[in-house]
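Same chain, two partners: subunit A is paired with subunit B first, then with subunit C.
So, the complex of A and B:
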């Protein structure tokens, strides 16, 4: 079957919006760096800088062959069959992480809002919405992000101020700073903080080729990662200052627990639903990006337009979301003990580092000759 | 082809989930697979199993339509 070339385009702003919401998606649910206790914000700050470096590396790879996505780059580097084989592994990785992210959200929803609704129903309906959005295309996905980003950004900022004015924050919880030195912080940064959420941006190697002003992608991506990093630091400080390190270590959904303490003028209360809204949009974006990336991988491998595979693959993801673990404790255990070391590190760091020299070698002659057809 | 992709992805995801469970729970592959396919009492796992089955039916229908379109184009 002849492949129908995707003619969709994303603007730089839409890319920035997607990057931002992708970054804060799962982080808003489960929090990051909690193992570093009161120094979590320092760990997040350092990993943000390293994350900006990782994104620059991914974009440097994309610039070697403009207009080509991650899967096409692997075919260039490893050849047709090995490239497609590794591409298939990436598809499994993307779909599996989509399942994990969706499970995070399903657990949150069934704990906080729909206590009597089966988690399976949440999984199926959320995946239905995501499948519909992806079926409509990348442009629709980008515009959806554009519509919701002002609310997400404003609500995130307001939650901090509301917690502060409620008198729930105690900045002494942030002390002592680096009581045990920088060692434990570095331990937590690699691999956990570096791979989640920054390394996960490897999925954008599938989306970035569709951005109109390709030349400016690097600058926009790095700035967006830094801005989202600042928001994550802001959220982490809220969580530590409001809950304290002891309660933070016990709570399952830290930002939600912090927002529950908000009480302004004895009138503005139960704003945790605002957090659920932020999380819901973040998760929809994150699952959609992983799902889209996986589908594009399948399109590359099979030469069938990805839209034909949206519905069947969406049902597999909603099925896998429930199957991956029996309960939330097991889900978190897998997320700590297995996923960072054995899935994130190979797919986010080792494989790109392996195919980078091959890609440079294979494109060294083309680089000077071919123009930047995508750039404007 | 879509049906083939469906089976590859379904089996691949099952193997991946099993390998992770084997690592976490130190169980054999067969123990883990049996646990995955067992519908636990009191849960609604059949909802998602049913949805996955609908996905399979959809992929068969899509393949049929693709083949039909291809045949019409050749004529």
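So, the complex of A and C:
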């Protein structure tokens, strides 16, 4: 098994690409929310910095035991049985979030493009693509990201320019800045913005160990998080300036609504499908990362190679996507009220904070040993 | 192995069978105009005008009417449009709607809110059609008035609105989302354009009317319709509409300004013309003690296009003098419009409340529920600076060479 793991390698650039698309994926569908109204971009900016902090914390944990992923770290710190038990919780968490993310996308498609197509068909076909990609392995996944990133990046940037030159943006919508003080911004950041999309990067604790140049991982991840944070700020400013806070509060898919207003020279119009493309790729990346992380967890717990479990788990996820909520309102409400507090915060912040001291204590001797080894 | 692949392919092909959302082009009709009237028995009477596509083909245009209309009664727009196929052969597609005509009776009695929601909710509708309030004739007549230049009536109206907005500024530039935002907003009241039919709508319905040089019926743009929340409360004249737009975002317009008094009547005065080419306006609202103040700063660049008086346009002093006169004239005009809106409607269509919200958030929160009363009693202060830059391809007017006989 050790052999098999070593075969798969991810380059630093591929890691950056995956991180980037992971970050902007869901945000492009459902937006960052309207809690802090016209100051949402400030909230995003602050949480990006905090997010960079969280990522460096995760990477610091990984560096304690190079080559070990999240689940192996937990076994190290909690012991075999407790570690596996908590690992199983993480597996459920990852699969559940994968279902939620996929549901976001399915809702977008069924409302905007395929109104009469059953939502099951969309979730099954999407999951089919993802399962195939993950079955072929992490390297394939990384390369897929590499191929699509130029389009995703340029389209995202171009949407902003196109809305601007269509004259649809009104930067007055960003005023007044911090009218009600910092209070609403902090409430928006914690727990919502900090956990979605930044805290979700805990899944990368499963992927980062496969990166070839492990030493530079920290730097690359932090920079990528900052860059993607800027893109999210950019998107948020587009949304606020184009739609205004009132409309932003009513709209279900903000970036899509903003892109619908694009009309350049009465020639470049109806470009909302470009947004759907960005969203589709973002979602594929995001679901794949969660899916892969969950599978790796199962592999660690059951000692069966994860490839055997790709198809069954993919089936469960594509079905669970439909099952998790009866209607869109329920789906969104869970996402705002329940998930951040009772799922994101414990899994992304509390548990890692709990096992960090244990991990430091357990790896203390090893670290010294390896240091000794290096000096030799 | 081969067998297994074959079976897998067969199973996978099952997922590709249905294409639920496929629509062929020859199965749909494109709707360009929608008209909403009060229903007799049910809530609304919806009229759709859809394009006869083969008539518009550039290669082989067929004879016939460019659009066809169909009316039905019902309680909500989606319900009626779903039932339209009672009389229409093809599936109606609304994504290219150009004009939404709302009968003023609906707007006065019922309010427009209840059907605007269905338009905003439906992903088919884009944010690019004009909302027009129809005065006089019922709204269902409007999608039928033919025009020889633009074959499709609703396209004609949209182009007309756009050209007027670019050339003179008589349309508030309001789209669906702007309108809804203004309904929700505490600091701005919604406005929309209004239209009337000049002539006989029965004759305008005929395609033969396209053969006449003087159209028997014509859709004319009126001034803006002012709304209180989602209910219509009155109209402003075309002049006032332009002045309203001057405080918002005016592209270009034309004003005639008297340069010399020869009598009290407008007919007896002499005028000069300014084409306003560039315009910048900022609006502010603030409180001095307890008294609300509204402030508009306008900076306009202009080009002189006609001169009926004898002033010498080759001199700098003349320019300064004309600038002063025109600034004063424009200022009085705009102040009069704002005062009129304050007194007649008491509704803040200019967005002063939103300006206050941006500039003094605490005060805005305080007065948010009674803003329209505050607006009505506010002091108005308008600063206009008109800068005349050039005067066409002539300097001095030939009129100034004439002997000054009539003038003493």
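The rule is simple: the second predicted complex is superposed on the first by the 363 of 376 C-alpha atoms of A that agree within 3 Å, B and C clash if a C-alpha of one lies under 4 Å from a C-alpha of the other, contacts with A are read in each partner's own complex, and residues count from 1 in each chain.
Rule of thumb we're sticking to: a contact is a pair of C-beta atoms (placed from the backbone, for glycine too) under 8 Å apart; a residue touches a chain by one contact, two chains touch by 3 or more.
Fair warning: this is a prediction, and the values are worked out from it, not measured in the lab.
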_First, second, both or neither for A:120, with subunit B first and subunit C second_ = first
_One more residue to check, A:144. First (subunit B), second (subunit C), both or neither?_
neither
*asked:* Just checking: does A:26 make contact with subunit B only, subunit C only, both, or neither of them? Give me first, second, both or neither.
replied: neither
*For A:77, select first, second, both or neither according to whether it touches subunit B, subunit C, the two together, or no partner.*
neither
*Examine A:175 and indicate which partner it touches, taking first as subunit B and second as subunit C; both and neither are also allowed.*
second
*asked:* Looking at A:326, would you say it contacts subunit B, subunit C, both, or neither? Reply first, second, both or neither.
replied: first
_subunit A: partner with more touched residues, subunit B or subunit C_ = B
*Name the residues of subunit A shared by its contacts with subunit B and its contacts with subunit C.*
118, 121, 124
_Interfacial residue positions of subunit A with respect to subunit C in the complex_ = 111-118, 121, 124-125, 128, 172, 175-176, 179-180, 243-244, 246-247, 250, 260-261, 263, 270
*Residues on subunit C engaged by subunit A in the complex (per definition of touch)*: 15, 18, 20-21, 120, 123, 126-128, 177, 180-181, 184-185, 357-359, 361
*For the subunit B and subunit A complex, residues of the former touching the latter*: 1-2, 5-6, 8-10, 12-14, 16-17, 20, 23-24, 36, 40, 43-45, 47-49, 51-52, 54-56, 58-59, 62, 66, 70
*Which of the residues in subunit A come into contact with subunit B in the complex?*
1, 88, 91-92, 95-96, 99, 118, 120-121, 123-124, 298, 302, 304, 308-309, 311-316, 318-324, 326, 330, 333-334, 337-338, 342
